[in-house]
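Lettered A, B and C in written order, each chain numbered from 1.
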Amino acid sequence: MTYPFEVVISSLPYVLGGAMVTIGIVVGAMALGLFIGIPLALIQVYGNRLIKYVADVYVWFFRGVPVLVLLFLFYFGLFSLIDLNITAFWAAVLVLGLRGGAYQSQIFRGSILSIPDGQLKAAEALGMTNWQGIVYIILPQAIRIALPGWSNEYSIVLKDSAIAFVLGTSEIMSRTHFVASRTYEQLPMYICAGCIYFVLTWIGVFFLRRFENKLKIPGYST
Amino acid sequence: MFLDVSFYLNQVIPALNKGLMVSLALIFPSATCGLIIGIIIGTMRAFGKGPIYGFATVYATIFRGTPLVVQLFILYFGLPNLGIYLSPYLAAVLGFTLCSGAYHSEYIRGALLSIKKGQILAAQALGFSTWSSLTNIILPQAMRRALPGCGNEIIYLIKYSSLAYIITCIELTGQGKIIASMTFRFSEVFLVVGFYYLVMVTIATWLLKKLEERFYVPGFGSR
Amino acid sequence: MSIENTEVLLKVEGISKSFGGKRILKDVSLSLNKGDLKVLIGPSGGGKSTLLQCINLLITPDKGKIFLNNRDVSFNKKKDVLALRQQIGMIFQDFNLFDHLTALDNVSIALRKVKKMSKKDAYIRAQMELERVGLGDKLHHYPAELSGGQKQRVSIARALAMDPLLLLLDEPTSALDPELISEVLTVIRELSNSGMTMLMATHQMGFVKSLAQEILFMENGRIIEHDTPENLLNKSKVRTRTQDFCSKLL
């Protein structure tokens, strides 16, 4: 075996340890994004003018500013401004989650709007409150419609999590970079990192697809 | 601290404007070349057979399945292992082009495949040649279908152009990082940097909307 | 005029509604006695749908009064509105079944969430209603797996499960293929025979002639003629607007 491959093989456990960190960032960010995205979507569809405007500005800001700039702005800037002392890992989760919320709100907003008006009307005709109609009738449908978009969002967040290495989070990218710059075997190391991301993308998509099938209902061709 | 006007006027704005020029010099060629590659790869994926289809599909899958950061690192830090040395600028443009081309190809392919067989049959029945039905019937329809997706991709490119900083191509974000690190005023500097991107993205979004309206035809939902 | 022997169940007085400056309903009044089946007919855009949706306050009228069982219903009190909707069943033209729920869940969800029944009781009741409309074998089918006629029967079961005092039916058969219409009309006919009070927009004239106590002819947001089917369609000396309209239907 030649030297480059020895480097890749011997550093693999270390780099794969970074994959666990990456998964942690992605899961945390997706969860936070969901937590922000669904209420934001509901506000954008059903909210009054003022609160809608606030939501629009939030979405505009987090969708318009690059991840890298957001990471610098929050980790080195705003977080220390409000005396929030958190590790690079949690900063990455927070920033990717806040930003993911903006993107996820667009997914859910679209799927809520795609549900015919008659559904809420029928719920109200049965005596449900507006809120009951949204919770029991609109959201269960909207979430099913949103799932493919959500899988796509997963693969975007996974890839964007690589940018978090600029904060020094010890995920895949920074561990790869560490090994590569010490062994001078950059090419094989970065290809190896690419392969890990590739595999993680497909594993995630595979599980989300299974989840989709589990929730599958006739009439929703997702 | 946010209201120190001379700090913005004398230090931040001039440096960021310099960086902005570099960013624009990254974005325009990458967007153009990316779109061209996207059209070629997308057409190969829609109509190609055998190895042509295989190559295009593998290309798109690899570039869409891995982070842009990894691709940039391979181009800038990896290729020297093979004796290929790219300047930071060239590596960045190449990375952006290859990556956005893969994403564009997805929309182009979808748009081409969405055109119903009957459209081509009808064109043939009227005596159109292959080339003429392509330019008169298929492309005008496919272009309208692909426009929102491809436009969005270019907007993504504007934002991801910030990653050039990571491979030491000092553009807008890079200039921001330099000033911020010198002055320790990260919040102010990066809010302004963010504002630069917001302006670029907002203008691009507005242009895309105008373009979609200009080419709007009933039945081709713009979104 | 029909004999007013029984109690008035629903009284609508002077309902008006405008949308964006356009007056859709102009001072509409009507009343339903217990057990009545009255029918709204008239050209589309005449305000039938809007009137029906105003009666159970899915659309809030600009003006007018609604009395249910002699109780003046407030349009603005949320509690009143929700209570009114529970007491009035609504059947939509395009069914509006909840697409993510099985037939059984469609019928039981309001029982559970609005009437706060236990899951078990709600299912028992829902199954009973579905059996009543002849769908006992389709309990676990999703809307996408049902024919139009079956969907409309599920939606009737859904409304009936709430024990409504009256049913509003907004062209319940107009979205159906011709061969599926009769299965829905049969259910409605049985309901009427069993004493259910109904106000129905429809153009099924055969059905109207044989069952309706009264025809209300609506045009341009007003009820311009109302009488028994016999008087409006056959006996009158002058040609009525209703006759005019109905002759074009066939």
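List of remarks:
The rule we apply is simple: a residue touches a chain if its C-beta (ideal position, glycine included) is under 8 Å from a C-beta of that chain, and two chains touch if they have at least 3 such contacts.
Note that the structure is predicted; figures quoted are calculated from it, not measured.
Chain centres were defined as the mean of their Cα atoms; on that basis the chain farthest from subunit B turns out to be C.
Here the chain at the heart of the shown protein, by mean C-alpha position, is A. For the pair subunit A and subunit C, the distance between C-alpha centroids works out to 46 Å.
Centroids of subunit A and subunit B (each the mean of its C-alpha atoms) stand 21 Å apart. A separation of 55 Å divides the Cα centre of subunit B from that of subunit C. Of all residues in subunit C, only 53, 56, 58, 78, 82-83, 85-86, 88-90, 92, 94, 96-100, 109-110, 113-114, 142-145, 155, 158-159, 162 touch subunit A in the complex they form. For subunit B in complex with subunit A, the residues that touch the partner chain are 62, 65-71, 73-74, 77-82, 159-163, 165-166, 173, 176-177, 180, 186-191, 193-194, 197-198, 201-202. Subunit A makes touch with subunit C in their complex at residues 116, 118-119, 121-129, 132, 136-137, 140-141, 144, 217-220. Put simply, subunit A touches subunit B in their complex at residues 60-61, 63-70, 72-73, 76-78, 80-81, 155, 158-163, 165-166, 173, 177, 180-181, 184-188, 190-191, 193-194, 197-198, 201-202.
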